[in-house]
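Two complexes follow with chain A in common, the first pairing it with chain B and the second with chain C.
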Partner chain A sequence: MNDPADPFAHDATPRRSSALEQRLGRFIAPLGWLLAALCVVYAWSVVEAPIDRTQGVIQKILYVHPPLAYGAYLGFVVTGVAGLIYLWLRREEFDRLAIAGAEVGVIFCTLMLITGPIWAKGTWGRYWSWDARLTLTLLLWFVYLAYLLLRSFSTGGERTARFAAVYGVLGVILIPLNYFIIEIFGSRSMHPENLERGSLGDGMGWPFLLGNLTLFVAFVYLVTLRWQLEELRAEEAFRLAGEADPMNESALR
Partner chain B sequence: MSVAWTILRKDLLGEWRSRDRVLSMLIFSLLMAVAFFFALPDARAEDWVELLPGLLWTAYVFSALLGLNRSLALELENDALSGLALAPGHRGFVFLGKTLANFVLISFVEAVTAAVFALLFGVDLLGAAPALALVVALGTIGIASIGTLLGAMAVRSRFREVLLPILLLPALFPLLAGAVDATRAAVLALPLPFEAIQLLIVIDGIYLVVGFLGFDYILLDE
Partner chain C sequence: MTYLVAAYGVTIATLVGYAIQLLRARRKLRAAARGLPPTRLPKA
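So, the complex of A and B:
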């Protein structure tokens, strides 16, 4: 049961971080500075953007809401793909990436679910409608909350990783499935069918583009940071395991 | 494949001897019927026909949750899960055996539940029985397959009874949408909606494949 050669053995000694993760650390500080600079420009552009003639100032949620949505979907795809790679290659760093993707995805999704109804109340007159995108997003939010709960309720590091990976893959399968369902059974969408830059008013394109860029960089930054944190935790567990068992020489630096 | 048949026989025999799972699921379904009656005090006789598909599936899903939790918790006693993991061949066949057993038990409970609901709410389901059976069977394959996979995860975590519904329900929503739509058509004696049936078949296929492949990873460390 506890064969050290089997990377899936339940209580195998935690291993050191991979070369990939060690290279990751270099990007964090530059990404942070880039993000800080972008935030300033982004905030300025949103303040300067013209106020919508029909919707008023509430229309400025546009510069936050859709970019959050892209981040949320991206996070969930990262989780599913990283989980799949983990099951395939059985390398722990991809499990750590999956955690990062899910947590950051849930944050983006939550913020999207908060900003959406505020905008909806201001323009459609009610907080919620059961249209395709809203329902799909709500379902995905539940799937990834369940993913995080599964992780925190499961026992044993490696088993948790496997269970979570299977559930994460299921989550990604559910995205097209749910989309298909709502296309058939759902009501008509209140969202615009396509959001091309041409459909935006004068002076709204740039802040929107900046919003997308800034929140994308924020997404990458947060995922990298979270990944790094998980890696440091694994490293520390590895070190403690080495101290607790001095005979295990392979664990000593 | 013989592994799957053996597990199916073992589960059904165990259930036949104790009858505790089916009995608790049935009682729960009955309680749901009473709860629906009190939740919808203004419903008139003709309203129940419209409401029945949704109510039936609500009862089906929640009583299935009870059964699924128990189905895998059973295997924890005497460390039976290790024995299952050691079964010869691909572990996916263990999944198929458990799924089949769950399918049979849930289907039985669903049939009785439908009869009881028809009686209590005064809706004639006899004429609709063949179409209804097809739709319910298609929906139940999906519930049993993904429920068995997720149950095997939930059962080995803390708060297992709480975790299974949280894991399972988001995966059941697409299935429920199709099943309720097709059930409504069956109850109202309309032609079955092709899209919904197609959808149920696709979801069943996906869940069976995901379960078959995923179970290999779930039982790995027993």
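So, the complex of A and C:
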């Protein structure tokens, strides 16, 4: 048994899910339907969007690549913020949210690192350049991939959760640096400048906006679903622990 | 055009595949919680 006087004692006893997670689970199905409807409108807007005079049809990758980047940043911010809340309140549901944010963020970041080079091949003539932003994005991807590896190779428990929370918070520092590195490097950066209001051509604003909205809803849907899955795994572990030791289960109830 | 199809194809396939994987895992865990097998049994 853990010493109740020691708040840092390792506690491997799985806990039940929180009411917050259960409430969020109700939004998953409506979110899925909203996402399906948005996908149709988004696809139509990309098809109907005007073709860029300079880059041609490949410019339409713009409607998916930056929204994926924002989703990746958001995922890592969710991990950092949930980690901070976990360190403050020590509530396990926030540790589970941190895992969900990191996993979905890594998937979005991977897709950003795939769609970007595809655009670069058609525009620059090569898939990759060791440009400041590209290199820092790759570093960001490695940082959160390492976070997921840490979580998958460890047995769980409070110590791992605490270490992962600190690591997840520190990784977030790279995000503003990654965003503003183009301003820092100026004309030496090959990556196009950050988009500003009015920088898109006529008729390109709507597909870009819809791309951001659709991928944001996809992000929320996947994070909520992944969070619910962690909750169900925790419940399953709790149930199995109770079956193995019925006295322990009755004590926890 | 090939680059465009590749970029959108990889994105859609990955996100849809990931969502399906999560939904399947959720179904299995819910079934386990109810003490049922993860998939429906065929009719006799």
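The rule is simple: the second predicted complex is superposed on the first by the 218 of 253 C-alpha atoms of A that agree within 3 Å, B and C clash if a C-alpha of one lies under 4 Å from a C-alpha of the other, contacts with A are read in each partner's own complex, and residues count from 1 in each chain.
Keep this in mind: a contact is a pair of C-beta atoms (placed from the backbone, for glycine too) under 8 Å apart; a residue touches a chain by one contact, two chains touch by 3 or more.
These numbers were taken from a predicted model, which means no experiment stands behind them.
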Chain B versus chain C as contact partner of A:Leu225, first or second or both or neither: second
First (chain B), second (chain C), both or neither touched by A:Val57: second
Which of chain B and chain C A:Thr115 touches, first, second, both or neither: second
Where chain A meets both chain C and chain B, residue numbers: none
Contacting residues of chain A [partner chain B, same complex]: 1, 8-10, 87, 139, 142-143, 145-146, 149-150, 153-156, 158-159, 162-163, 165-167, 169-170, 173-174, 177-178, 180-181, 184-185
Chain C partner contacts - residues on chain A that touch it in the complex: 46, 57-58, 60-61, 64-65, 68, 107, 110-111, 114-115, 118-119, 121-122, 218, 221-222, 225-226, 228-229, 232-233, 235-236, 239
Interface residues, chain B side, partner chain A - complex: 146, 149-150, 153-154, 156-159, 163, 166-167, 169-171, 173-174, 177-178, 181, 195-196, 199, 203, 206, 210, 214, 217-218, 220-221
Contact set on chain C toward chain A in their complex: 1, 3-4, 6-8, 10-11, 14-15, 18-19, 22-23, 25-26, 29-30, 32-33
